[in-house]
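Look for chain A in each of the two complexes below; its partner is chain B in the first and chain C in the second.
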Partner chain A sequence: MHWEVVWNNMDYFLLGRYPAGPLGGLALSILLALGGIFLAFWIGIIFGLLRLSKRWYLRIPSIIYIEIIRGTPLLLLIFWFYFLAPVIFHRPMPEARTTLMAFAVFTGAYVAEIVRAGILSIPKGQMEAARSSGLNHRQAMTYIVLPQALRNMIPSFVNQFVSLTKDTSLAYIIGVQELTRAATQVNNRSLTAPAEIFFAIAVIYFIICFSLTQTSRWLEKRLSYRTAGKIHQKAIELLDDSLE
Partner chain B sequence: MNYDFNWMIVLTGEYRDWLIQGLVITLKISGISIVLSMILGTIITTLRMTGIKILEWITISFIEFFRNTPLLIQLFFWYFGSDAVLPDSVNQWLYAHNYEFAVGVLALTIYTSAFIAEEIRAGIISIPKEQLEASRATGLSFVQAYAYVVLPQAFRIVIPTLISQFLNLTKNSSLAMTIGVMELTYMARQIESYSFRGFEAFTVATLMYICLSLIISLCINIYNKKFLRMIKY
Partner chain C sequence: MIRVEGIHKWFDDFHVLQGITEHITPGEVVVVCGPSGSGKSTFIRCINRLEDVQEGKIFVEGKDVYSSDVDINQLRADVGMVFQQFNLYPHITVLKNVSLAPIKVKKMSKIEAEEIALALLDKVGIYDQAHKYPAELSGGQQQRVAIARGLAMQPKIMLFDEPTSALDPEMINEVLKSMIDLAKDGMTMIVVTHEMGFAREVAKRIFFMDYGKILEKGTPEHFFKNPQHERTKLFLREIL
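Now for the complex of A and B:
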């Protein structure tokens, strides 16, 4: 076994060539995931609300967006952005920004579904009570329904963030210098320890994703204890398991 | 945006055949992997439910590890590292029989089986415990009780989620292009490199994936409407 290959390149895996060169490795993976989930959050809220709209010209486009994205592999979407961006903007775009856009658009569709499910899970009486106390539809949505729905959605958001963190590895395909790319580079250079390198990289991803998964489980328990009894929590767990 | 579309190039001749071949490989790799991962997932879940602490511990670590690492890394691990990890005879066999495809199936199967194991477990938990106790009391062994009483009932409940796992698997199989499996995404990329007709090729590939996803969603809906109603809890 050649574990020294892994240890000697650990700083390259974690930070890339930073501070001498551009930031890369795990740090870039995490930045991509954070940026992606931030943009996807807003895209998701907008399209989740649009999908629930009563007006067909708002609802239909949002359904088309969500269903097309959910039916397409992320890899293909990354290629789309990679080849489309230069044609639209008339100049090449940095790879990292291209993948960030692809991640935002991709995860946005999934977040939209989470938002929709979250809003539908709030009892109708909340909206009716808010409307009858004099708020208009938009006010009732922003001040009464959405805050409650968003709180219930937090565990699902964390789960989506975990998926996105795993998916940032796909940025490798168009040459972004993130963790997976760093691993393949080190592997191509050393050629002696492929199993060790990729196992070590898997462990790095695992530490991040597993701790986040555990956080989401803990949050789920806490939130559901507060809102309803244990039975409700069991139902959420089963539902979540089946959705994954 | 000024780009002259030339749809005929991907709808006729060699490139069309490439795309169809790619679709067939995508279906083949996902079909084989879903069957294998259902078998593996069932075995894992059954081992986990035996109540033996060490087995439970091993299966939980297996599931958590493979669920929380990227599929791409797993693919690379098996592809580049199979020499060090798998026994020589297995490697020889793999080299002789379309190595990329076999490694793709291996990685996809293990990744998906971790997800499927969790779903089957959710299904088993939803079966009342008395079912297992009653069949044990009538003299069935643990394995028999599982195979003839609990699992068949659990499967009926989890079939919709298993079908949606198949959909995920079809999409995930696109990652196999990175190790050289010539599936749909690989072919679309190939056409782009040969002809610079990326948009046409990617459009057709995307439409194929979306059609697959719509067909699979339709299957789930039909199943839910026709069969799930009949199951009484």
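Now for the complex of A and C:
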């Protein structure tokens, strides 16, 4: 085994040629994932709300967007943006920016569905109580329904983030210097340790994604503590008392 | 104060309200009772336009509830509502539940709104629970918060949709007490309930509804001692 190939190139896996050259490797993967999920969050909120609109001219375009994206492989979308963006903007686009746009548009459609499900999971009475106190629809959404829906969305949202983090490896195909491409380059140069290299980057992806899901679990527990946890706690205490 | 003129409503082909015409005067407390499915909840939900009607009109303080140019949010601010399932906002504290609408709708300052909210919470006897979350309160306390929330906009009318039906029996009285206090303060109230003790004590009139119509109405005196309609007699025999 040639693990030294992995250790000797760890800088390159984690940061690419940075600080001497452009940022790459894991750092770029994470940046793409973070940027992608951030943009997708807002796209998702907007299209999730539009999809629930009573007005057909808002609802139908949103349904078309969501369904087309959900029925298309991400890889194809990256190709589209790669070949179309220079045509549309009349100038070449950096590959990293192109993929970032593809990630945002792709993940946005899934987040829109998560937002929709999150909003529908809130009992109708919440909206009714808010509206009957004089709040308009937008205020009721902003202050009452969305905050609760967003909390319910956390697990699905983190799932989507984990998914996107892994999917950043697809940017490899148009030459973005992220983690998978860095690994391929090192492998092509050394030719002696493909198993070690690809095992090592699998471990890196795993560590990132696993810590994300664990964080999400912790966050869920923390956020539900005051609304439900104390009640359970109290119930257990009462039960204990009565058994004594 | 509230004028209801010949309203009809259908849920698909179910004719839930079949021509109701009524006039409710300021300070009047009206109890609406009747079997389930009789349309009583739908009736009061029409008054603040949580439901649409297909025929007829409702005027609140002279304003046509169903006209397209009425400011429905303004109108709803004048009509407080309390629901069977409380519908408190679980993600914010009791104090914020009560002060949210005054801050967002009336653009009241946070300090002023919270002062009013605390005074109302004190009035319904849960001042010391202000900083808790709804899930940490008992059902009776939650419903009293809901009453305080309804009052926070300083409405002219309060609607109660079976406010005690989801409560454990020992919690009903604390909620009714708050409602009786409110009635004695001169609030105009429409209350859908089967609490006949409450009706007897504070109602000025009782409406008995079935099949989407008000079959019988009158003072508690008339209603309990001398009901005219066979359906009312049957209903009273069953619940008293």
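Here is the rule we go by: the second predicted complex is superposed on the first by the 216 of 244 C-alpha atoms of A that agree within 3 Å, B and C clash if a C-alpha of one lies under 4 Å from a C-alpha of the other, contacts with A are read in each partner's own complex, and residues count from 1 in each chain.
The working rule: contacts are C-beta pairs under 8 Å (C-beta built on N, C-alpha and C of every residue); 3 or more make two chains touch, one makes a residue touch a chain.
The structure displayed is predicted, hence computed values, not measured ones.
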Partner chain in contact with A:113 - chain B first, chain C second, else both or neither: neither
Chain B versus chain C as contact partner of A:178, first or second or both or neither: neither
Superposition-derived comparison: chain B or chain C, residues of chain A touched: B
Chain B versus chain C as contact partner of A:167, first or second or both or neither: first
Partner chain in contact with A:147 - chain B first, chain C second, else both or neither: second
Which superposed partner A:95 touches (first chain B, second chain C, both, neither): neither
Partner chain(s) touched by A:205 [first = chain B, second = chain C, both, neither]: first
First (chain B), second (chain C), both or neither touched by A:220: neither
Residues of chain A contacting chain B in one complex and chain C in the other: none
Chain B partner contacts - residues on chain A that touch it in the complex: 1, 67-68, 70-76, 79-80, 83-84, 87-88, 162, 166-170, 172-173, 180, 183-184, 187, 194-196, 198-199, 201-202, 205-206, 209-210, 213, 238, 241-244
Contact footprint of chain A on chain B as seen in their complex: 1, 3, 64-65, 67-74, 76-77, 80-81, 83-85, 115, 118-119, 121-122, 125-126, 158, 160-161, 171-172, 174-175, 177-178, 185, 188-189, 192, 198-199, 202, 205-206, 209-210, 212-214
Contact set on chain A toward chain C in their complex: 123, 125-126, 128-136, 139, 143-144, 147-148, 151, 226-228, 230-231, 234
In the complex, chain C residues that touch chain A: 48, 50, 73-74, 76-77, 79-81, 83, 85, 87-91, 100-101, 104-105, 133-136, 146, 149-150, 152-153
